[in-house]
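Take a look at these structures.
Two complexes are shown next, each including chain A; its partner changes from chain B in the first to chain C in the second.
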Partner chain A sequence: MNSQLIDRLLKTIGKANVLYSPEDLAVYSYDGTFAEGHPDVVVLPETTEQVSQVVRLAAETRTPIVPRGMGSGLAAGSVALPTGGIILCLTRMNHILEIDKENATVRVEAGVITADLQSAVEKLNFFYPPDPSSQRHSTIGGNVACNAGGPRCLKYGVTGDYVLGLTVVLADGQILRTGQKTIKDVTGYDLNGLFTGSEGTLCLVTEVLLRLVAKPRFAKTALAEYDSLVDASRTVNAILTAGIVPASLELMDQTAIACIEEAMHMGLQTDVAASLIIETDGTDEQTVLREIEAAARICQENGARSVKMARNEAERGNLWKARRSISPALARLAPNKMGEDITVPRSAIPEVVQRLRTISTNHGLPIAIFGHAGDGNLHPNILFDKRQPDQWEKAEKMVGEVFAASLAVGGTLSGEHGVGVMKRPYLEGALGPLSIEIQRKIKQALDPLNILNPGKIFPDKAQP
Partner chain B sequence: MNSQLIDRLLKTIGKANVLYSPEDLAVYSYDGTFAEGHPDVVVLPETTEQVSQVVRLAAETRTPIVPRGMGSGLAAGSVALPTGGIILCLTRMNHILEIDKENATVRVEAGVITADLQSAVEKLNFFYPPDPSSQRHSTIGGNVACNAGGPRCLKYGVTGDYVLGLTVVLADGQILRTGQKTIKDVTGYDLNGLFTGSEGTLCLVTEVLLRLVAKPRFAKTALAEYDSLVDASRTVNAILTAGIVPASLELMDQTAIACIEEAMHMGLQTDVAASLIIETDGTDEQTVLREIEAAARICQENGARSVKMARNEAERGNLWKARRSISPALARLAPNKMGEDITVPRSAIPEVVQRLRTISTNHGLPIAIFGHAGDGNLHPNILFDKRQPDQWEKAEKMVGEVFAASLAVGGTLSGEHGVGVMKRPYLEGALGPLSIEIQRKIKQALDPLNILNPGKIFPDKAQP
Partner chain C sequence: MNILDTLERPSEKEYLNCIRCGLCLAVCPTYREHLNEAASPRGRVALARKGLEGELQLSPNLMEQMYGCFACMACNELCPVGIKPAELTLSMRAIQEHIQPAGWKEILFGKLIPRPVRMEAATLPLRIYERSGLRKLVYLLRVNRLLPGQLRDLEAMLPHLPQRPLRRVLPELTLARGQEKYRVGFFLGCAQSLLFAEESSASVRVLARNGCTVITPKEVECCGMPARGYGRLDLVRKQAKHNIEVFEKTGVETIVTDCATCGSTLKDYGTLLVKEPEWADRAILFSARVRDISEFLAVIPLEKPHGRVDARVTYHDPCHLRRGQNVWKQPRALLSLIDGLDFVELPEADWCCGSAGSQLISHYETSVKVMDRKLDNLASTKAQVVASGCPGCQMQLNTAVKRRGLDMRVVHPVTLLDEAYEAENE
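Our next item is the complex of A and B:
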């Protein structure tokens, strides 16, 4: 990149909103993965209009733009790979613009932290359900880019189920507003749906209009422990078939449980094969209670060794603390991990877990498994030590085998993280060449100069 | 169209699957609107492969293809307007291919009647919720093409919320399969979402993989009658804000109620300004009861003159019979009607109803208003006599004013019927030129020869 472009950026959006010292650039070279990609410049626009100006400059100079929120992504979608270019970081666009109580909607800038949005609406007894584990350090714009999920999405749906409208900057710098405060809309193509989950490759999202629901006033949580993972999986189906839709239905395997217990000393039984955390919620306490009791009965009928009900908020908080501590706790077993988010048909959970164990045994590296079992969305975490080159190599090989295992049982690569850079080599195996061809055509139609997050999602054409 | 193409169609998919006599063509020249468009030939393929062969022939000869199910559409999307060409009618692809009990999914051919699909899964205690009023005479393929809704969509979501995968024939005849039996999937762009609601303009849907939910075992229904439509609207918001999500929350205005009573003699009070039909459902009888009782209390707190609870299935059936009889009952007031499906922010229901009444008064033709108030999705029906040319003219003018009223309060043109031919002139007013430009680019990328349902959704370029 020539210094002329930086000069023009400085003139366009002001010195305070442009970073280009090596130290500053280094900060924006990473995300939640091992990937590293150095941008040429970082811009921190404060308005949609500024984003538009940056895109016009980028289009004129054919400079890649990589949109970014808090950089918590798990697929390297917001790292300036492989091309460098402009990191367009939206964290300064962090205003909640309007909470419409009558229509139960909220309009926010893309850089708002998801948890901040949630607290703001909860004060008014509304609820924004999607709860990616990163909710305290990820932005709603990033959530929209990846169509993020989370434990509560079993009952409540994912980010895209809440998007009513978007303000986006297109590849030529034009500003497009989609949608409005209506729940239903079939007027033309569903651009909200197309843009959500497109990982910044079709347009840059600067504002989001979201629908809200009423805040559930009661929640009940239970922990069911199993001697057999197949029994735990069977329980998941039995609960859903019975017409109970828990807010969350989380699975943890023995490796994950052992890690938590070692780190937290919570009194979890570490000899169990699997545990389920089940939560029901709603506005009527009796109903919530009846549902968790019915779920607990189903656990017992399906072979649970024990079912413990959280008796109060403190006990409930502990169960969720355990679930949320898995990722940090894994660090006690190995210095590094690669966490994936394969999604399989629910019935295939036992088989895919068996396949993951075989992969682990074959390569001699542990895989901890946990995730949103109700959605079939599992997080196999390969544990290794990056300093040992053979482990790093093995781990990379294992990732490929994890994806192959998911596809073999009718699953897919990603339920909530997106493709980014990391899953590109596996995309054709998952979708086939024709789907990729169609998607490339859409990309080409909307971003003919290929300046919006190039090198993401799609495999290089030369690549096998 | 030359007879050579008909000959090739006969050779390709067999004599029994091709119609071209004037009498046969006439049958396929209409849908649920006043529009009329004569095709040159009708093909009734029995397999996806046959659809592909027809599309290849159409592409080679640049012949428009208009996909069609039962022709119950309300926007002329399946009428061979303005170009003639091939009607591709999918009613012979009417097989339920697989019900997967473990994963709660069903795979069907596009020509399956929605109600048939529903009965088949309900026998196994599953539930396919979307319930367009046409469910007994519309196909799932048509529902997908329009992203159809219905009363139950308040709680359960619309057609698109159930689409896990599609088999589609692309504009060049290639067959693409999207999705799989997973609830979550962010691997690449959301083609399911893009294709659903695209009204046959991007691809032809031949098979659909749908997710199912558990069949609710109990339902309770109440009728609340109001002296003020504003009070009825306020109740809708109050119920939802209280965290109650009824399966349905239907509004009927005085004109609609009077029509029903005149036709059905059900003892409805015809001097009320508006009525709500509220239904709660679920798998736990106590919960369903508590919810309807809570909803009834909220009706009373918000000014309902009376709230009547259906005491048994017969009374419940009667309430729904009343709701469903609106359309035929309107025929007693006037021989013809134009039914729209505007969708507005919930808070704007009173204002838009006021505007609709003004339109009615100004032109001297009645407008009956009913619809899915919980979604803000209203069906204003303009009542007139087509034989009187001045009324026909007035009605057409009023349609434009109805759309303008919806847009003026922040609403949109269509919540469930689609754009088809009928709403094309209003699209730019609703979406703006930039959105249409982007959508045209997608259309152009996927159907460069413009053979898939041409002349639908998008206004003619020369048109104002």
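Our next item is the complex of A and C:
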């Protein structure tokens, strides 16, 4: 990259918001995966206008822009490619602009941390349900870019279900506002829907208008422990077909439980084969209680060794803290992991769990399984040491087989992490060439110069 | 051969397994102010790793991030993998110091700070400033407002200074009031002796009141934390050995300190000297004997004070107590013993105050921002008193309340207990 561009960036958005020392570039070379790619420069704009100015400069110089929030992504979507370019980090756009109590909406800048948004609206008895495990270390902009999910999405839906409007910067630097504070809107194409989950390849999201719901006043949480992983996964369907809609229904296998216990010393039984965390919530305490008791009975009927209720808010908080820590805690077992988020029709959970076990046995590398079983979204994590070439090779093969297993039972590659770089090679298998062709045309229409997060989502075109 | 290979360096397991999940960003006071990855625990681990593996130089930029860490240990506590980013930044400081020793550190941490007599001489101007009435005059005439911001804030850190350092005043032997139930050693820290003498006097009174004969050896040196923070582990070890010997001579089974920082360092001697065969066992034994004063008072039968302290009081958790020693219930329990005291829990009580030893000097802007977050929380409690058992935190909080003009007294929790005992005589 020419130093001229850096000079112009410095003039445009100020010295404090442009980073280019080797140390700064090094820490902006990764996200929540093991992938690394060095950018040429990092910018931390503070306004939509500044983002627009950066994009104009990038368009003029044909420089790739890789958008980034807090870098918790699990698909390497915000990692620069070998072509380098600008990391556009939105963490300094972190203002909650408006909470509209009458219309139950909130307007925030993209860099607001999801948990901060949640606690701000909860003070006013509102609720923003999507709760990715990274809610304390990810931004709302990143959540929108990946259409993030989380445990509560079983009952409440994913990030995209809450997006009413967006402020985005287009590939030529123009600023577009979509949507408004209405629940319904069929005026033209649903651009909110198109941009949500587009991983920064179509536009850069700088502001988000979100719908809020009333905060549930009560929640009850239970932990059911099983001697058999299959029994645990069968229970998921038994609960959901019994007419109970828990807020969350999470599954953890023995590897995950043992890791958490080692990391947090919570007194979990480590000899169980699997556990379910079940939470019901609502505004009427009796109903919430009745539902969790009914779910507990179903667990027992399906072979649970024990079902324990969280007795107070502290115990409940601990269970969720444990659940959210599983993914990082797995690193106690191996230096590297590939954490996927396949999603299958929930009737297929027991079968896909079996298939994952078989893949692990066949290749001799452990796969930890946990996830949002209630909505069929599982996180098989392959544990390996990248420095050992044979393990790296095996792990790559296993990933392919994991995806194949999901597709074979009618599932999909990703429920909430996105495609990024990691899942590109498998996209065609999941979507077919026609779908990819249509999506490429959309990309081409919105980003003709291919400067917005190029090289993400789509597989490389075969050389003619 | 890489020069790094010849040094005492962090083992691979201290950084290799960082999977960069980013959980630590949420709890890091410096990241939350800068919103820049380089100022985050994950960023620092990445820099340390790349520095150790030779991918990056230990450049001033890189080292700046190692020194930019406030070592509040919130990341150490949180990391599900077991990585200790704050620890790693300290190790990196030590490594750099090995490669390029800074002369001024030898003088400051090797020759001045460990020598109580020299420290007492060096701080004499401060005592004259207070004693001569000059300080009062400065406040009366509001001269302090004319000072540049940072200097004004540093002046504001100082508590009401003692006439003489406590080391010169406190007897070696303070007999238990009534029957002697315990014989304890008292580790009088430098800051306590030079700046917070009234507090440590109160601590010794409270101990004596509860049946302790208190032995305060005068020849102790600095616990070693300042040298540790600046990468001079060799000096820390030297000071550790000296202090271990001093207390071995007293024959006490328990060593009490009322300084959170000293306590956390003294409890670490066992780990620091683990590789020196002639010292390891002695250091482990020494560390096992150390108690923070609130920790010690919580396990002995404590006389309930009959006097009252009528005030709304909140409590700030020093990092070196809460995370350094897992002591946080005990100070709150002490406060609950006091009649009239209306305790209100501080939101984010265990979030760093921004002191981190010398950050108000070395990283003024960040330190003030972190302090502002603490101030917002303090103001929300509407407390008249904030208690905290750490001289570093207390100095920072002194500056904080003065900056915002809050009418809030900053004290050691044991001082409040002492006041309740003293109030019995009224």
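Note that in this section the second predicted complex is superposed on the first by the 454 of 464 C-alpha atoms of A that agree within 3 Å, B and C clash if a C-alpha of one lies under 4 Å from a C-alpha of the other, contacts with A are read in each partner's own complex, and residues count from 1 in each chain.
Keep this in mind: a contact is a pair of C-beta atoms (placed from the backbone, for glycine too) under 8 Å apart; a residue touches a chain by one contact, two chains touch by 3 or more.
Not measured: the values here are computed from a predicted model.
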Original post:
Here chain A is shared; do chain B and chain C fit on it together or clash?
Top reply: fit
Subject >> Contacts of A:263 with chain B and chain C, given as first, second, both or neither >> reply: second
**OP:** Specify the partner with more touching residues on chain A, choosing between chain B and chain C.
**Re:** B
**OP:** Have a look at where A:134 lands relative to chain B and chain C in the superposition and call it first, second, both or neither.
**Re:** second
Original post:
Counting only touches as set out at the top, which of chain B and chain C does A:327 meet: first, second, both, neither?
Top reply: second
**OP:** Scan A:92 for contacts with chain B and chain C and give back first, second, both or neither.
**Re:** second
Original post:
After lining up the shared chain so the two structures overlap, which partner does A:438 touch, if you call chain B first and chain C second: first, second, both or neither?
Top reply: first
Original post:
Thinking of the overlay built on chain A, is A:346 touched by chain B (first), by chain C (second), by both, or by neither?
Top reply: first
Subject >> Minimum C-alpha spacing, chains overlaid - chain B and chain C, in Å >> reply: 20
Original post:
Which positions of chain A sit in both the chain B and the chain C interface?
Top reply: none
Original post:
Within the complex, which stretch of chain A touches chain C?
Top reply: 19, 21-24, 26-28, 30-34, 44, 70-72, 89, 91-92, 94, 111, 113, 115, 134, 136-138, 260, 263-264, 325-332, 335-337
**OP:** Over in the complex, which chain C residues touch chain A? Could you list them?
**Re:** 16-26, 35-38, 40, 42-43, 46-47, 50, 55-56, 59, 61-62, 65, 79-82
Subject >> chain A partner contacts - residues on chain B that touch it in the complex >> reply: 100-105, 125, 146-147, 149, 153, 157-158, 160-161, 170, 174, 176-178, 180-191, 193-194, 196-198, 202, 213-217, 237, 240-245, 282-284, 286-287, 290-291, 294, 343-347, 372, 375-377, 410-419, 423, 427, 430-432, 434-436, 438-439, 441-442, 444-446, 457
